[in-house]
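Look for chain A in each of the two complexes below; its partner is chain B in the first and chain C in the second.
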Partner chain A sequence: MIETFKSVIDTLSAPTVSFTLLTLLTPLIFPPTDWFDKLNRKLGIWRLWTKPGLWAGMGFITFFFIVGYFDPNFNITLTKPDNFPIVLMVYSMFFFIWLGMKKAYINDDRLAEGLKPEEYNDPDDKVLVWPDLVYIEFISLILFMVFLIVWSILVAAPLEEPANPASTPNPSKAPWYFLGLQEMLVYFDPWLAGIVFPMFIIFGMMAIPYIDTNPKGDGYYSFKERRIGIFIFMYGWLILWLFLIVIGTFFRGPNWNFFGPFEYWDPHKVVPLNNVNLSEYLWVKMLSTGLPTNIMLREFMGFLVVFAYMFVFPILLAKTWLKDLFEKIGPIRYTTLMLFGLSMFSLPIKMYLRWFFNLKYIIAIPEWFFNI
Partner chain B sequence: MAKDNKQKSFLERMGESQVWKSIIRSGVPHTRRQRMHAILGSVFLHLHPARLPKHAVKVGYTWCMGGLSFFLFVVLTITGILLMFYYRPTVEYAYTDIIDLTEQVPLGMMRELHRWGAHAMVLTVWLHMLRVFMTGSYKPPREFNWGVGVLLMTMTMFLSFTGYLLPWDQLAIWAVTVGTNMARAHPFIGHEGPGASLLAIGDINLVHMGSDVRFALLGGRFVGEATLLRFYVLHCIAVPFIMMIFLAVHFWRIRKDGGISGPL
Partner chain C sequence: MSEEKITPTASVGTSTQNSENGKEMGRRGFFKWLSLGWIAFAGATGGFFTVMIRFLFPNVLFEPPQTLKIGFPNDYATNTVDIRYKKSFNIWVVRDEESIFALSTVCTHLGCTPNWLRTEGKFKCPCHGSGFRMTGINFEGPAPRPLERYKVSLSNDGQILVDKTKSFKWEKGEWENSESFLVV
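== the complex of A and B ==
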């Protein structure tokens, strides 16, 4: 029974499977359109944001970690002291997303009935900060300090052998909050995964309030009024950031190979490396002429693809499917949205190109360190 | 007022003493007026307005995560200062000082508090961001403060990252090696980044292994003595200093943008 559970989880957690499942689930859990909303109601996914949903989610996470704790292989990764924050992260993120969405659904119902959101109070009916807020702050501060002290007593801060530049551990991992970026390195070169995308994340997040011109849902939990915004944010935040951290922590072993959580980390695991560049597909496999010596000629197909994706595609969208949006928010906001949005979705696209076509680089110019 | 001195509690009598009233001008706050004065008259508490709408004091709305993040910043500053008494950022002493901390220093729990507090702060900051997003609190007039918050979150992670190196164990140097290796590939200013070879005069490359952004970050070609000192200074002085300025702006702007968000 448990062994079946373990092997099912091992199979499911392979990035190809788990990432696809989660990508398909996200629009069902956070339905961005009426069509998805209907499907969400039909399948009963909205029940996730009720009390039974909370217990089911918490129960599954706990079951997973308990089975993991008693599994000799998963135990090694799970009980590393520096991985404890990730266990905490999984619980707290689930709980708080549950809390926010539960409140959002309550408010959605109230707004549909023409009522004000739950948070609304008569503006003249205010409370005094002393004592009403100060004591709440004081209590939460004490409780949090107690939690921190107990944590510190129970778990010693990790300290491994003294630094030795001559012996590289395998795998070498960045601190856990950067493991999403390290996981991106599988699909993109460092100049993108380590520099450009992190900057895009920072500037893209700062751009959110300027792109999202929807005035509704300000100052209270709500979903229906802002569903597209919440869907895009949740996809980026939950799947492309938090889930990649979980993959990087629990599912990446020696040589950054994939291992299911209950698998033994075999340093000699052989993984075929048969990734092919787009230029090789074109010149070697299709035209059988061999790669041209001129770099620009060799890579013109890749440049075309990237140019089409980043520049032609948004223009086409603005004329067709996103016409209303383009007219509503104007060219500057639209361009910003497309720059950050398309960059974000380039990660799953590149993942699938890798998994289906073994595509290594779309543009491959190692001579200039310019690989996309 | 008419109460006899004998009937008054110790606290009440203390609250009316000259010493107490010179420090906390409102005395023991009983009346509405005194309670407002208690907030307005305190340099720390006056971060808050004197009165708030009801939803703003509910944990269900705020999750308390912004406050806890700041609280953790204070905890980390205090435990960090205590750690600085014992820790020397040199390759020779760093690791043994950490061992000393746990084995020789009485109540040697400061490193645990500091390390777990740092991890917890990354989480509380993320949860604070999630709350602000879910309540749509980044919308006008709070766009700018959301941006400041994004930078504060980045700084939190950078602080945590620079601190990661200081124990100078295997975990530290290899995590930092992996992280800083990214800087090699920085476009134009990393020696293995696209465009770096364009920055050249004739045959002389301006951006090479000994002059690129990774060299500036590490103070050398690999994670070594100079890196330890650099990260120590960044971790203890430079980033907290910048962060405190941004924190001040963040808090100030909450008030100036109309206080905590809420439905109209």
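== the complex of A and C ==
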């Protein structure tokens, strides 16, 4: 029974499977359109945001960790002091998303009935900064300090031997909060995954209030009133950031190979990988001529693809699918949205290209340190 | 009703009055102190940055030797990767069917140090999983270009001399260069 559970989880956690499943599930959990909403109701997924849903979710997570604790392989990763924050993160993220969504669903129902959101009826709606808020903050601060002190007393800091550039631990993991970035680095060149994308994440989030000027849902929880925005954000935050952290923590083993959580970390696991650039696909595999010596000629296909994706595609969208949106928010907002949005979705696209076609780089000019 | 005028306390006494009786500084005094302040500030910052810049040029510079003799060609068996100099000199010495060359141990992706996996016959980077063949050519993972090679030559006493000041990049076609390998 437990063994079946373990092997099922191991199979599911293969990146192709888990990432695809989660990508398909996100629009069902956070339905961006009426169609998904209906499906969500039919499948009863909205029950996740009720009390039984909370217990079910927490129960599953706890079950998973308990089974993991008694599994000789998962135990090693799970009980590493570095990984304790991830366990906390899994719990707290689920709880806070649950809390927000629960309140949002209650308000959505109220708004549908023509009532005001719950927050308007709350007698404690307004609290005085002094003494109420300051006291709450002060007590939280003390409790948190106690927690940190107890934690640091109970668990020794995971220090290692002095750094030595000639020997890198295998696997070499960044601090847990950077593991999402490290995972991106598997698919992109350092200048993109290490510099451009982190900057885009920060600037993109700063741009949200300027792009999404929807005045609804201000001051109260609600899902329906900005469901597309919430859906996109949740996909980026939960799947493209937190899930990548979980992958990096629990599923990446020696030589940065994938391992199921209950799998033995075999340093000699051989994964057949042979990555090929787009230019090699075009010139060597399809046209069976050698790579041209002219760099621009060699890579023209890649430039074409990137140009089409970043520039032609948004124009087409503005003419067809997103016509209303384009007219509503105007060219500047639309361009900004597309720049950040398309960059964000380039990550899953690139991941799938790597998994299914062993595609390394779309544009590969190592001579200029320019690879996309 | 008394004709009392309400004067804000702050405006009691004007600055000219005060400077006249010498308690507060006048316009000239103000500029004097201002210039003094700025000069002191400029001096302090200037001194600080001078010291800082001086700090960038250390008195003693520890530089590991850039050239190393690594023994005779016959010390290396055919089709092997020698990892003895990985730690001390950051090179792998590889001998294939016809030549000996020195590969840099810096992964071309983000600079971690890969490991040589003998059974799989490849270098594998533990950071993001790049793989390189024995020749140094990248074939898996994100590394965009092959490992770099260093200049190798035979010294007078017949030993192999590796010179790390000169490196050869495959993507620039430099591996053709006869200095990048040693024919054996």
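Criterion: the second predicted complex is superposed on the first by the 351 of 372 C-alpha atoms of A that agree within 3 Å, B and C clash if a C-alpha of one lies under 4 Å from a C-alpha of the other, contacts with A are read in each partner's own complex, and residues count from 1 in each chain.
Everything below uses one rule, namely that a contact is a pair of C-beta atoms (placed from the backbone, for glycine too) under 8 Å apart; a residue touches a chain by one contact, two chains touch by 3 or more.
None of these values were measured; they are calculated from a predicted model.
*Asks:* After lining both complexes up on chain A, report clash or fit for chain B versus chain C.
*Replies:* Overlaying the two structures gives chain B and chain C room side by side.
*Asks:* Just chain B (first), just chain C (second), both, or neither: which does A:Gly59 touch?
*Replies:* Neither chain B nor chain C is touched by A:Gly59.
*Asks:* With the two complexes superposed on chain A, say which partner A:Gly194 touches: chain B (first), chain C (second), both, or neither.
*Replies:* both
*Asks:* Scan A:Ile97 for contacts with chain B and chain C and give back first, second, both or neither.
*Replies:* Only chain B; A:Ile97 stays clear of chain C.
*Asks:* Tell me the contact category for A:Gly330 with respect to chain B and chain C: first, second, both or neither.
*Replies:* Touch partners of A:Gly330: none, neither chain B nor chain C.
*Asks:* What is the C-alpha-centre angle with chain A at the apex and chain B, chain C at the ends, nearest 10 degrees?
*Replies:* With chain A as the vertex, chain B and chain C sit 60 degrees apart.
*Asks:* Which touches a greater number of chain A residues, chain B or chain C?
*Replies:* Counting residues of chain A touched by each partner, the higher count goes to B.
*Asks:* Quick check for you: in the superposed arrangement, does A:Ser140 touch first (chain B), second (chain C), both or neither?
*Replies:* In the superposition, A:Ser140 contacts chain B only.
*Asks:* After lining up the shared chain so the two structures overlap, which partner does A:Pro175 touch, if you call chain B first and chain C second: first, second, both or neither?
*Replies:* In the superposed model, A:Pro175 contacts chain B only, not chain C.
*Asks:* Return first, second, both or neither, reflecting whether A:Leu273 touches chain B, chain C, both chains, or no partner chain.
*Replies:* Once the two structures are laid over each other on A, A:Leu273 reaches chain C alone.
*Asks:* Would you sort A:Pro158 into first (chain B), second (chain C), both or neither based on which partner it touches?
*Replies:* Once the two structures are laid over each other on A, A:Pro158 reaches chain B alone.
*Asks:* Closest pair of CA atoms, one in chain B and one in chain C, after superposing: how far apart in Å?
*Replies:* 5 Å.
*Asks:* For chain A, which residues lie in the overlap of the chain B contacts and the chain C contacts?
*Replies:* Chain A residues touching both partners: 164-165, 167-169, 172, 182, 189-190, 194, 369.
*Asks:* Which residues of chain A touch chain C in the complex?
*Replies:* Residues of chain A touching chain C: 164-172, 182, 185-190, 194, 254-257, 268, 270, 273-275, 360-361, 364, 366-367, 369, 371.
*Asks:* Under the touch definition given earlier, write down the residues of chain C that touch chain A in their complex.
*Replies:* Listed in rising order, the residues of chain C that touch chain A are 86-88, 90, 105, 108-110, 112-115, 117, 119-120, 124-129, 131, 139-142, 144-145, 171-172.
*Asks:* Hey, which residues of chain B end up touching chain A in the complex?
*Replies:* It comes out as residues 29, 32, 35-36, 38-39, 45, 48-57, 59-61, 63-64, 67-68, 71, 75, 91, 95, 98-99, 102, 109, 111-117, 119-120, 122-123, 126-127, 130-131, 133-140, 142-143, 146-147, 150-151, 154, 157, 160-161, 164, 167-175, 177-179, 181-187, 190, 192-197, 222-224, 261-264.
*Asks:* Which residues of chain A touch chain B once you look at their complex with the stated criterion?
*Replies:* Within the complex, chain A contacts chain B at residues 82, 84-85, 88-89, 92-93, 96-97, 99-101, 103-104, 116-121, 123, 125-134, 136-137, 140-141, 144-145, 148-149, 151-153, 155-165, 167-169, 172-178, 181-182, 189-191, 193-196, 202, 205-206, 208-210, 212, 214-222, 226, 230, 233, 237, 368-370.
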